Amino acid sequence: MRILVSNDDGYNALGIEALAKALHGLGELTVVAPETNCSGSSNSLTLNRPLSVRQAPNGYFFINGTPSDCVHIALTGLLDFRPDLVVSGINNGANLGDDTLYSGTVAAATEGYLFGIPAIAFSLVKRGWEHLETAAQVARQIVAHHVEQPIDAKVLLNVNIPAVPYEALDGIHVTRLGKRHPSEPVVKTTTPYGDPVYWIGPVGNVSDAASDTDFGAIENNRVSVTPLRLDLTYHEQLDAVRGWAGPLCVNR
Amino acid sequence: MRILVSNDDGYNALGIEALAKALHGLGELTVVAPETNCSGSSNSLTLNRPLSVRQAPNGYFFINGTPSDCVHIALTGLLDFRPDLVVSGINNGANLGDDTLYSGTVAAATEGYLFGIPAIAFSLVKRGWEHLETAAQVARQIVAHHVEQPIDAKVLLNVNIPAVPYEALDGIHVTRLGKRHPSEPVVKTTTPYGDPVYWIGPVGNVSDAASDTDFGAIENNRVSVTPLRLDLTYHEQLDAVRGWAGPLCVNR
Amino acid sequence: MRILVSNDDGYNALGIEALAKALHGLGELTVVAPETNCSGSSNSLTLNRPLSVRQAPNGYFFINGTPSDCVHIALTGLLDFRPDLVVSGINNGANLGDDTLYSGTVAAATEGYLFGIPAIAFSLVKRGWEHLETAAQVARQIVAHHVEQPIDAKVLLNVNIPAVPYEALDGIHVTRLGKRHPSEPVVKTTTPYGDPVYWIGPVGNVSDAASDTDFGAIENNRVSVTPLRLDLTYHEQLDAVRGWAGPLCVNR
Amino acid sequence: MRILVSNDDGYNALGIEALAKALHGLGELTVVAPETNCSGSSNSLTLNRPLSVRQAPNGYFFINGTPSDCVHIALTGLLDFRPDLVVSGINNGANLGDDTLYSGTVAAATEGYLFGIPAIAFSLVKRGWEHLETAAQVARQIVAHHVEQPIDAKVLLNVNIPAVPYEALDGIHVTRLGKRHPSEPVVKTTTPYGDPVYWIGPVGNVSDAASDTDFGAIENNRVSVTPLRLDLTYHEQLDAVRGWAGPLCVNR
């Protein structure tokens, strides 16, 4: 089992170190991660400049690009083998509900999945690394289970782990993504030089935290595991859109 | 009808100018777009610095951030009204199949959709702006149709327009997203100072261009309209993943 | 007379447009300027990525790099001729005293000077473009004078223009650079996400504004013209340092 | 003796680690350095966003900004004391002649000097860290000498060390800056997506390597120590420029 490890907090973040240590012995690990924190980078790919690959004293490769860049370069040229699994994280904070769209942690796993490799993103739901060891232990359990008994499907799993002592966890739940209310308003402020600037506001409050959602699981101290798909086609809407677009098609 | 216009090629790109002109008279237009080209930016949000909003002589607002930043700031603080429609583009190049995941053009529309506003992304499938007027005319048709007869659903439409004369178009097709083969390998090169660097490789060739896909439509000189969804939950996989994860849940 | 025009506020700033218009008819103008605002960029050169050169509808070239990048690329490959003069500005704010070290406006001129071309940097001392027309008129006078009667030396001139009506100007003074007190302290603040961040503080107050300095000239509504040199060697200190370093040289 | 250590290659570069180790015991060291490689950054200050200060496991502070940012923030808010000396380096490559203008290593020292603190920049003249131990040993000698017998002047010293075994060094020379020929032409190339891009060309060949210059010293395996000044006024040109500008002053 060859495992590619990445993240979005950067190769020197505590979360990726904890993840790599937790997976020790489960396979041959290669770490390829961003040089700097890329939170919020989504699936962004760097297309307007070339990227540098360097190696830290601990053997980790780091790239001056995004999480997607890292996994993309690893899979299309840097590594001379094809990994059997891509893992990403442990993220410093939650990736729940629609947040997954913006997440660089999920994006790193996504890039592996798009290349046909099973992929798992791990996030510790509270920022600040408290109870990182819980997330590390859960990550090891899940990867170990996959090593012993690979899941019978091409999967991209989004795993969020409550920031509580391991003993306080109430199991692992397979969930759907919940929903948030819209984000908080932008925060308008002024630079020390007198110019107005805007910060993107914090995320909104949770609006759908039903018990079968990721938010619901986390609220109940459960590890949330959500399988993700990347076929963005809204199949159920095709007929409605066809109906609506009919006149357009005819008019020409 | 109040329409928010954005893109990912930057506020001074030919595509957004053509789009704004094409929509003239269909509603009250406000343009909020990135200061510079953000191709490949996906849904990336800028969280590590505040953003500046400025206005060009032609009235367009531009922001030193990503497409998602632009629409997010417009909707959460810059505009004193809620748009009825968000349009994005016209992109310099195709956004088909899995490329939509990386697209900043689609991301700008996505941000509107996440706030509950119908949104449409327009892309001209060949880079270089040839036959931009075709895309502009199609964009006007589609938006005008939406103005007259709003579609009866919350939609995020991904529209790709062949780069051919308008007369050569063979209608509008509602499609699902097709597939590409994996990307080309990274391109390894050397800087003038002797350092090795890697360029993300070009996209792969098309692997699924069936006639009901966006690729298939484009191949046949048809405008492709694909409704997108952003619920990333892989509902059909939930049971399989629950089965697989069972022992994990029990073991604890 | 072929004149290369650049700046640090970006190719779409009011200052460079005013400068180019003011110089109309004095020579053949080519504008090559940064795509975005590069204030504070000093002589920074971009060495870790290649740069794109594009042309705006008005004929200005713009580059996704620093002021030094722009002039460097213009002189070493983009232009098929060697300019007779490099002008930079009109900057949105003063470049006086030690500020010149950090100035991108001065850096653009510096790059020309290093290639052996006379160069002049123009700055309007108050931010906000008030009385930009005064600076434009002064710039034209100075360049016109240089065209008629080229100065008999290789020069790099740093010109600062008071933000007052032209009639209120009290002539042009050739000055030395004055001094400021150290900068204001950093401004510590917190992001909307709770992280501490630091803004570089505003510049310090003036400490040497003697009448023969640039600060002194500006205080008296005079245009300040300071010839700059780029030989950083502190010749007057060579003996003192040799004395001090003597034991080091011997000990080996 | 409290010593602030910075560089431009980033806090995790081999050069700064070698420098900090070499200075061990000579004073109380604090390292504040850029998060990533900032070669070519000159005196660039970051004014359009706030900066983050973090601390690595080894105690080094790192900032997502330029070398000037690092020293500026250290001196104006981060440190609760005023250092007695600022050292920068050991740079991965030479900073000789006019290159010093572009150097981030020299800029870090410059920032200290502008705040009235003696400052020394150390560079290993060949890229690749070969014989880094030689540079480290020389840095220790020079700083130790300054600790024992502080130089009787406010100094900014630019030190370049040949990349040879320590035994092969032929002493320390106090020099003036030499000169280079203009840079090599830009390197025009094409991205994998077909877009033309330009790399800033390599530096030019040496044109003034007289024995009293830094280039001359290095050619002879001597450590070069050049005192720098930052008064950019070209005092010797003031009269010539006054003569030339006379008509301008009168005409108004």
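Here the chain labels run A, B, C and D in written order, and each chain numbers its own residues starting at 1.
We adopt the following convention: contacts are C-beta pairs under 8 Å (C-beta built on N, C-alpha and C of every residue); 3 or more make two chains touch, one makes a residue touch a chain.
The UniProt protein names, listed by chain, are A, B, C, D = 5'-nucleotidase SurE.
Quick caveat: nothing in here was measured; it's all calculated off a predicted structure.
Peer 1: Looking at CA centres, what chain is most distant from chain C (5'-nucleotidase SurE)?
Peer 2: For chain C (5'-nucleotidase SurE), the chain whose C-alpha mean is farthest off is A.
Peer 1: Out of B-D and B-C, which chain pair has the most contact pairs?
Peer 2: Looking at B-D and B-C side by side, B-D shows more C-beta contacts.
Peer 1: Roughly how many whole angstrom separate the Cα centroids of chain C (5'-nucleotidase SurE) and chain D (5'-nucleotidase SurE)?
Peer 2: So the centre of chain C (5'-nucleotidase SurE) lies 21 Å away from the centre of chain D (5'-nucleotidase SurE).
Peer 1: Please tell me the distance, in whole Å, between the geometric centres of chain B (5'-nucleotidase SurE) and chain C (5'-nucleotidase SurE) computed from their C-alpha atoms.
Peer 2: It comes to 40 Å between the two C-alpha centres.
Peer 1: Nearest whole angstrom, what separates the Cα centre of chain B (5'-nucleotidase SurE) from the Cα centre of chain D (5'-nucleotidase SurE)?
Peer 2: 45
Peer 1: Could you pull out the residues of chain C (5'-nucleotidase SurE) that touch at least 2 other chains?
Peer 2: 47-48, 50, 52, 64, 184, 187, 189, 191, 193, 199-201
Peer 1: Would you mind writing out the residues of chain D (5'-nucleotidase SurE) in touch with chain C (5'-nucleotidase SurE) in their complex?
Peer 2: 37, 39-48, 50-53, 66, 68-69, 72-73, 75-78, 98, 100-102, 107, 110, 114-116, 141-142, 145, 149, 151-153, 155-158, 169, 171-174, 176-177, 182-189, 191, 195-201, 225-238, 240-242, 244-245, 247-249, 251-252
Peer 1: So in the complex, which bits of chain D (5'-nucleotidase SurE) are touching chain B (5'-nucleotidase SurE)?
Peer 2: Of all residues in chain D (5'-nucleotidase SurE), those touching chain B (5'-nucleotidase SurE) are 48-50, 52, 64, 127, 184, 187, 189, 191-194, 199-202.
Peer 1: Which of the residues in chain D (5'-nucleotidase SurE) come into contact with chain A (5'-nucleotidase SurE) in the complex?
Peer 2: Within the complex, chain D (5'-nucleotidase SurE) touches chain A (5'-nucleotidase SurE) at residues 12, 35-36, 47-48, 56, 64, 191, 193.
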